[in-house]
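So, here's a batch of structures to check.
Two complexes come next, and they have one chain in common, chain A, joined by chain B in the first and chain C in the second.
After this line comes the complex of A and B, so read on.
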C-alpha cells in the first residue's frame, strides 16, 4: 500500500517537475559528454588543433559556476529581502526611497565596471565576481520584495494586528508568506541573469563555465565559445523553469 | 464593561475625537452611528489600541487599557472589520483558530472550538473547513470573520461596519443571526455603522456622533421620539422617523384582546413590528388585523387607530 502511495507521489512530482528535470538532464549530458560531440565541433572549427576544451572538465566548471551564482544569489536574497523588510517597517520608512534608488543604481552599474573596480581592492579570483553579481542581482529582488510587501491588503494587516499578533508574528506568518510569490519571482530574475553574468568571472581568474568562452575569444576558437555558452544556457533554463514550477506550486 | 473618560484623539492639528465620555455596560450592545469622518471608527479602534488616544482615559473593567500589553489586550477583544481581513493564504479553519493559537491553547481544544464556532455560524465543517477565503461568498467570509473574533470567547466584541459591504439580503440575514447570537452569548459589543436601520435593529443603546463629539445617546426608541437636534433627526430619517419608531415596537405591545366582532382576514405575527403590520394593512387594504402566535392561532387584534396610537376622541 505504502509502495503504491510512494509511486503515486513520485508520479505526481514528475508530472509537476518534468520540464526543469528535462533541462537538468540535458545540462548533465552536455557537461559529461562534451567530448562525444567532437565531430560536430570539428565541423564548426575545422582549422584548430584542438576543438574540445580540456583544461578543466566541464562538471568541475559547472560546479564552480553554481557555487558562485549560489553564494551571490543567497547574499543578494538576504540583503534584498532584508532591506525591503526594514524599509517597510514604521521605523525604516524614511529610508524607502533611498534603498529603492540604491538598488536601481546597482543595476545601472555594468558588472564589468564593478569587476574592474573590485579587482584592485579584492584581488583576482572568485571574490570580485561575487561582489559584482550581488550588486547586479540586488535590484530585481529588492524591487519585487518591496512590491510584494507593499501589495498586501491593508485590511489583512489591520486584522492581524487587531487579533493580537506581535510585529514578528505578522511579518513571519502573514506578510512574508503573502509576499513570497512576488519575492520569489524577483529571485528568479536575479538568478537567471546572474547565471549568464557569472561567466565574466573568467576574466578576473574565477574559473567557471566562462573559462571556455574567454579562452575561445582569446584564441579565436568558436567551438570553445559554444562549449561554454551551451551549458550556461542550459543551466539558466534549468533554474528558470525550476523557479517557474516552484512559483506555480506556491500559488 | 468599557468606559471612556473625556477621550480625545488628535492627528497632527486635526481633532478626530473630541473629549467623549461613554460607558458600555457588560452584555450591552452599543452602536456608534454618524456620518463618515465623525470619529466613530477612531473611537472603536482606540478601545483595542490600534489607535492610541491623545488624552483622557479608556478603562476595561475598571483597568486603564494602557496598563495592558497591546497584544494581550487585543487577544481578549474580538475584532471584526468590514473587509473581513481574513488571511488569504490560510484555510477557513486556520483563520478561525488564529487567536486560540496565539494564546497557545492545546491543539485538540482549538480543533473543538473551531468546530463549535463553525456550527454556531452555519458553516458546516465538512464543506468549509478546508476552503480558502477567496472561495467564499461575501456573507460566508463575514461569518468566518465573526467566528474568528469569537474564537477565544472574548467578553468584548468590536465591530467596524461588519455588514457594510454586503448585499441587502445577506446583510439582513447576518443582522438577524447576530441578534440571535447576542441573545445567547451576551457579549459586550461596540458596533460602528452609518446605517441607521441596522443600528436601530441591533442596538440596546445608540450613540450618535458628529465631528468627533457625542451628540446624543440613549435607548433607540427615545432617540427616535425625541432627537436632540436637527442633525440627529435627519440621521434618523427626517420625515420617515415615524417608520423607524414603528419598526422598534412589537405588534404584541399594542394589540388588544380578540373582540367578539368578526375576525379580520389579514393577519400578522405577534412578534412582527408595527411597521410590518402597517405594511400588511396597506397591502391587504384592511384597517384591522388579526394577531397570531407561532402556531398561527389568533391571540388578539390590531386596528389602524390602535397601531398609530391615536387618542380615542380625536
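After this line comes the complex of A and C, so read on.
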C-alpha cells in the first residue's frame, strides 16, 4: 500500500516537475559528455587545431558557476527580504521611501556597469563578481518583497492580531506566506539575471562557464563559444522552469 | 495654528554618520606618477590636515542635527546644504591637486578614492530622501542637479587637469564621442525595430489566439538565454550567412560586429515590448469600448481614438524597460566586437586600467538613468487625467 502511495507521489512529482528535470538532465549530459560531441564541433570549426575546450572540465566550471550564483542569490535573498521586512515595521518606516526609490532606480543600472564598477574597488577574481551579483540581485528581491508585504490587506493583519497572534507570529504565519509568491517571483528574476551576469565574471578573472565563451571570442573559435553558451542556457532554463513550477505550486 | 512638529528624521542622520566615518576613515584620493604604477592613497586629513578634515565634518553634522527636528524650513536648509556639499566636492579635489600633484610631472594623475565615492553616493541618497520628504515635483528634483553639474563642469574644464578619468578621456576624446554615438545608434535601431515588430506581433496575437501561447513561449524562452551566450551563439550562423549570401556581406553583416548585437538586442527587446502592448490593449475597460461603439464609432475609430490612446501609458512602460535593458546589453555586445561604450569597459578590464573602465561604465549608467527618467516622465504625462 505504502509502496503504491510512494509510486503515486513520485508519479505526481514527476508530472509536476518534468520540465525542470528534463533541462537538468540535458545540462548534466552536456557538462559530462561535451567531449563526445567532438565530431559535431569539428564540423562547426573545421580549421581549428582544438575544438573542445580542455583547460578546465565542464563539470568544474558548472560547479563554480553554481557556487557563485548560489552564494550571491542566497545573500541577496536574505538581505533583500530582511530589508523589506525591516522597512515595513513601525520602527523602520522612516526608511521606506528611500529604500523603495533606491530599489526601483537601481533596476535601471546595467549589470555590466555594476560589475565594472565593483572591480576598481575589489580587484579581480571571484569576490567582485559575488559582490556585484549580490548588489544587483538585491534590487528585484527588495522591490518584490516590498510590493508583496505592502499588498496585504490591512484587515487580514488586523484579524490575525485580533486572534491573539504576536507581531512576530503575524509576520511569520500571515504576512510572509501571503507575500511569498511575489517575493519568489523577485528571487526568480534575480537568479535568472545572476546566471547570465556571472558569465561576464570570466572577463574579470573569475573562472566559470563564461570562460569558454570569452576564450572562444578571443581566439575566434566558435566551438568554444557554443560549449560555454550551451550549459549556461540550459542552466538558466533549468532554474527558470523550476521557479515557474514552484510559483504555480504556491499560488 | 499649531506649529508643525514632525517626528525626527532618522534617515538623514544615519546617512551623515556613515558619510562621516567614510570621510575620516577611507582614502579620499590616490595619486600615481603615471598610468601604469598603482597610486598611493591619501585620507582626507592627510591632504588638508586634521583641522581641514574636521572642518569638513561640520556641514555633515549640521545636516544630521537639522534633520533631527525637521520642520519644512529646516529641511529646505538641509537640501541647500547637500547641494552645496556636492558642488564643493570638485573644489576640494582641486585643493587636493594643488597639494599632492607635482606640476613638474605632466604624467601624474589623481584617482578618486573610496571615501569620495561613498560621500557622493550618500549625498545623492540624501537628495532623494529630501525630495520625497519635501514632496518636490520630479522636474524640481532634476533641477537641483543643474548647479552641481555646472560646478563639476567648471572644475573639469579649468583646474582638474590631472584627474585620471579626465586624462583617459583626453587620450581618446574622438573615440569617446564615436562610441557614445554608436552606442546610442545601436540602442535606437534595436528599440525602434522591436517597437515596430513588437506592436505588429501583439496585434497579430490579439487576432489569433493560437499564436498567443506559442509567441509568448518563444519570447520567454529567448529572454532566459543569457546575453553573452546569445551573442556567442549568433556568431556562427551570421558568419555562415555572410560567407554564403553576397548581399548580406555587402551590407556589412559579419559574424562579429553590429549584426549579431542588433539581432540579439531585438530578440531581448521583443518580450517586454509585446507583453506590455498586448496587456495594454487587452486591459482597456470593455465598458469604454462599448460606449464608444454605441456613439457610432467605426471599429477603426474605436481602435485609433479610444483603445490606443488608453493603452499608450502601459505601452510606453514597455518601451522604457526595453530601452534601459538595451543600453546595458549593448555594453556586453562590445565583447563580440560591436564597439560602443562597452569597448572601454572591457579594454580597461584587460589592461587593469580602472579609470578607463569608469570612462565606459559611468556614461552607460547616466544614459540608462536619463532614458528611464525621460520615458518615465512621458508616461506620467500621458496618463489619463494628465500629470499627477
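Throughout what follows, the second predicted complex is superposed on the first by the 247 of 251 C-alpha atoms of A that agree within 3 Å, B and C clash if a C-alpha of one lies under 4 Å from a C-alpha of the other, contacts with A are read in each partner's own complex, and residues count from 1 in each chain.
Just so we're on the same page, a residue touches a chain if its C-beta (ideal position, glycine included) is under 8 Å from a C-beta of that chain, and two chains touch if they have at least 3 such contacts.
Just so it is clear, the structure is predicted and the values come from calculations on it, not from any experiment.
In the superposed model, A:164 lies in contact with chain B only, and not with chain C.
Once the two complexes are laid over each other on the shared chain, residue contacts for A:210 go to chain C alone; chain B is not touched.
Looking at the shared chain after the overlay, A:155 reaches chain B, while chain C stays out of its contact range. The partner of chain A that touches more of its residues, comparing chain B with chain C, is C.
In the superposed model, A:178 makes contact with chain B only, not with chain C. By the touch criterion defined above, A:51 lies against neither chain B nor chain C after alignment on the C-alpha atoms of chain A. In the superposition on chain A, A:81 makes contact with neither chain B nor chain C.
After overlaying the two complexes on the shared chain, residue contacts for A:132 are found with neither chain B nor chain C. Listed in rising order, the residues of chain A touching chain C in the complex are 44, 94-95, 97-98, 101-102, 105, 107-113, 116-117, 119-121, 124, 192, 195-197, 199-200, 203-204, 210, 213-214, 216-217, 222, 225-226, 228-230, 232-233, 236-237, 240. Across the interface of their complex, chain A is touched by residues 48, 50, 70-76, 79, 81-89, 98-99, 102, 148 of chain B. If you check the complex, the residues on chain C that touch chain A are 7, 9-11, 114, 117, 125, 128-129, 132-133, 221, 224-230, 232-233, 235-236, 239, 255-256, 324, 327-329, 331-332, 335-336, 342, 345-346, 348-349, 352, 354, 357-358, 360-362, 364-365, 368-369, 371-372. Within the complex formed with chain B, the residues of chain A that make contact are 153, 155-156, 158-166, 169, 174, 177-178.
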